[in-house]
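Lettered A, B and C in written order, each chain numbered from 1.
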Amino acid sequence: MTGAGGGTSTAATPSGGGAAAASRRDQLTLAALTRSRRLTGPAAGAVVGVVLILLLLGNGFTSTLVLDMLVYAIAAMSLDFLGGYAGLISLGQAGFLGVGAYGVAIAEVHAYSPWAAVGIGLGVVLALGLILGIVAVRVKGISFVIITLAMGQVLWGLAYQWVGLSEGDNGIPLSTLPSIGPIDLNNGLTLRMTVLAVFVVIALLLTTITRSPFGLSLRGVRSNEARLAALGYRTGLHRYLAWVIAVFCTGVAGVLYVFVNQLISPTTMNFSANGLFVLMVVLGGLGSIWGPALGAVVIVLFQQELSLYVSRWQTLMGLTLIAVVLFSPGGFWGLVRAIGRRRDAVIARLQRGGTP
Amino acid sequence: MPQFLAQTLNGLTLAGIIFLVSSGFTLVFGVMRVTNLSHGAVYLLGGYIGYSVIGVTHNFFYGLAAAAIAMAVFGLLLERTLITWLGRSEMSELLATLGLIYVIDDVALAIWGGSPLTINLPGILGRSSTLPVDGIVYPNGRIFILGVSIVVALGLYYLLRRTRVGAIIRAGVDDREMVSALGINVRRVFSLVFMLGALLAGFAGVLGGTVLGLYTGADSDILLFALAVVIVGGLGSYEGAILGSIVIGLVDTYGTAYFPAVAYSILFIPVIGVLLVRPQGLLGRPTT
Amino acid sequence: MTTTPAAQRKDAAGPGGASPALAADHLCRRFRGVAAVEDVSLRVAPGDRFGIIGPNGAGKTTLFNLLSGELRPTSGRVALFGQDITAMRPYRRVALGLGRTFQITRVFSDLTVLENLTLALHGLSRTKLSLLRPWRSYRSVTAEAAEFAAKFGLAGRLGAIASELSHGEVRELEVLLALALKPRVLLLDEPAAGLSPAERVDIQALLRSLPPELTLVMVEHDMDVLRGVVDSAAVLHLGALVVQGPMREIQNDDRVRELYLGRAGAGRRSARGLRAPGPPGLPPGTPVEGGGGP
């Protein structure tokens, strides 16, 4: 096939031998590219996984950093699920993370056992998500952003002002973490591995959902909701479900947050925190799940590392967001996808027998 | 009862400041479909600039003027660069202005520091008077702010309803393409509206600096108020901004006075209420 | 020729021909006092190819939206196979077998053709809420999507993103999306609008190849497309029904001629009869090739 296709090549081939050599090279290139297309994803995942495990084995500053990244990544991925797939960008995500964390902490303050506290924390987040979702799905687009921003701020305000419940500015420390059988989260290593495991589970869950018919329907909602409704879909229900899933996953991140930091305070839920999550998603790439996880890594590095060297790191962060929006709206994952598309085009051309 | 009257006046004063901020925000959205999240930061920046100018010139009104002019210029620059580069993508504009908040906040932090500042009102404005009603003693400054807000509101109303420019602006809110099809230079209208919004916000910043103070996070607070106003009043509606500001101003003030523990969240009640009953806002048009 | 194509289609419609496929009774729709549609009643039999025609501003689009459910009538009712659907929102009408296309094509532009069709094919089943199985694994659905595409001219374009399709291909996709829901009645909103002559031929071919049991109701300006597809029609003017009947009668109807040729000075002559801009030509009703029925 490649030999016969040589006629379509625009490059002059001096002799039959030269054409044969070129086509053999093409075949090798084609094989290599096709293999890379299949393997790069899983290979990268394996490498990253190993690196994470190694980093988490220690007990020092690095592992704490990685833990922060993982917790924030969960929240960022949830935000991407809502924003990149259903088209609903929420500026209130940190609020739900806070609710999950506060739920656990307040429950423990009221003498509930750690496991019960987790249940209560998740339960409160879920209930809040179910209730607020009814309001949230009534609006779309910019109005949705605004209403979620308001929600996030109100939740922060509650944490700040309802001192009787939340201890206000001081926050609530967490003393005991849950343990079940051999898995005692009070043990540092067990906790770290558990956080990693939860991260992997949620990441896989979210990516699986995005590939399901429901996930496709969310993309349809984002692409052309009116048309989707005309096709017989109850789009409000689909958006509501996406909201509940995203809020719940963020709540899980909140529970992990308070485990890792053993403290929850209103600062975790303030406006800046909400903006940071959006930043993570935009940087990483809206609509890719993995991209925002990477975005979380970058932002945490910005916050923890860059802040040591550059006192105006927040300006830098803001400028980065603006730059990404201006020049690479698809974020980091957008670049990855662009490279992937180039590779696909080359493969397609090689398969047809032309020159790459 | 006197307490209630004083709180009501406080609420209306707050409503005035919020109105100055939200009217600009809603007009910019209505005409340009731009959600300028950095609007709150413009308010704060204007307040800080006013503070510095007052510190140097010892003249409150120079401060007001400086803030207004500086922010108008800033608004023009912003519109001509960032907003123009971003074209028509609403979400991009929202995200970019979100990033801008971090930049403005950080720069302000670098220049003016993190401690809260207050702007002092000069002379008679700094004192209080006894009101004819119930003999309450009430700060003149707040009455001044209320008065100024009403004057501006009326002035804007006149501008929008009685002048040619205003008609163009209202038409632009209605149908942007049509306005440009009529041969009107839409670009200039955009710049004008954006500048106007920034001017109002900067102006409000100085006024707010007297009663609310200038502090890190004041921009988020005022932005939240403005957003609550546009949800209640309707995105793009000027009259909605007036109505919404009164509602939000009063609700927040009464809430803080009588239910301090949940004051911030009481704000939510009118917002959720409107969303449930009339998602486009009390005076907004049904979203296409 | 023992039976006309129209009669053949009626035979194919089978039982249930007693109640009309689509019926409108005294439909009115007012916008702030202005009547866009005034007292319009229609009867479309199963298997009919029915057109809704009229000059610009006649209320065709409003009537269309009343039938599809995008608009609620100020008064009157709409019935689908005898069932009153006046109060039903579009997605419920879809479930009952009423499909529609949109004039401003509304496909999912950032999704591939395959994804577009998959969304449509999942539309009526519970599987659209399935969370954990990859949608690609629903082999029957993807196979059906491929079949659809192949049968109606989009073979080989399954992987193309909808925004990359040509205008005509997008129109075809538009029709396919509506067809994927297995409608019993299909409403088509100016399927040929804005298409090049070659593309118009394609669309007409697609429309003619639709199964005879399917009832078609079409709003269209282009007389050629109409003539090739439609048996009977209703003519609207200023929101009111002027005449309803077989195409032949309509083309010869004096009132219709007056509408299109206009009174003195306000005449509207165009080759296809019903489009304002366009080359002048024969008024509707002038016998052309094979004028013995569409």
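The criterion applied here is as follows: a contact is a pair of C-beta atoms (placed from the backbone, for glycine too) under 8 Å apart; a residue touches a chain by one contact, two chains touch by 3 or more.
None of the values given here were measured: they were computed from a predicted structure.
Among all pairs of chains, A-B has the largest number of C-beta pairs in contact.
Chain A has its Cα centroid nearest to the centroid of all protein Cα atoms in the structure.
Taking the mean of the C-alpha atoms as each chain's centre, chain B and chain C sit 50 Å apart.
Centre-to-centre, using mean CA coordinates, chain A is 34 Å away from chain B.
If you average the CA atoms of chain A and of chain C, the two centres end up 43 Å from each other.
Shared contact sites, meaning residues of chain A that touch two or more other chains, are absent. The touching residues of chain B, when paired with chain A in their complex, are 29, 35, 82, 85-86, 90-92, 94-96, 98-103, 105-107, 109-110, 217, 220, 223-224, 227-228, 230-231, 235, 260-265, 267-268, 271-272, 275-276, 279, 287.
Residues 90-91, 94-95, 100, 102, 106-111, 115, 118-120, 122-124, 127-136, 138, 177, 180-181 of chain C touch chain A in their complex. Chain A meets chain B in the complex at residues 89, 91, 135, 138-143, 145-147, 149-151, 153-154, 156-158, 160-164, 270-272, 275, 278-279, 282, 312, 314-315, 317-322, 325-326, 329.
Looking at the complex, you find that chain A touches chain C at residues 208-209, 211-217, 219-220, 223-224, 226-234, 238, 241.
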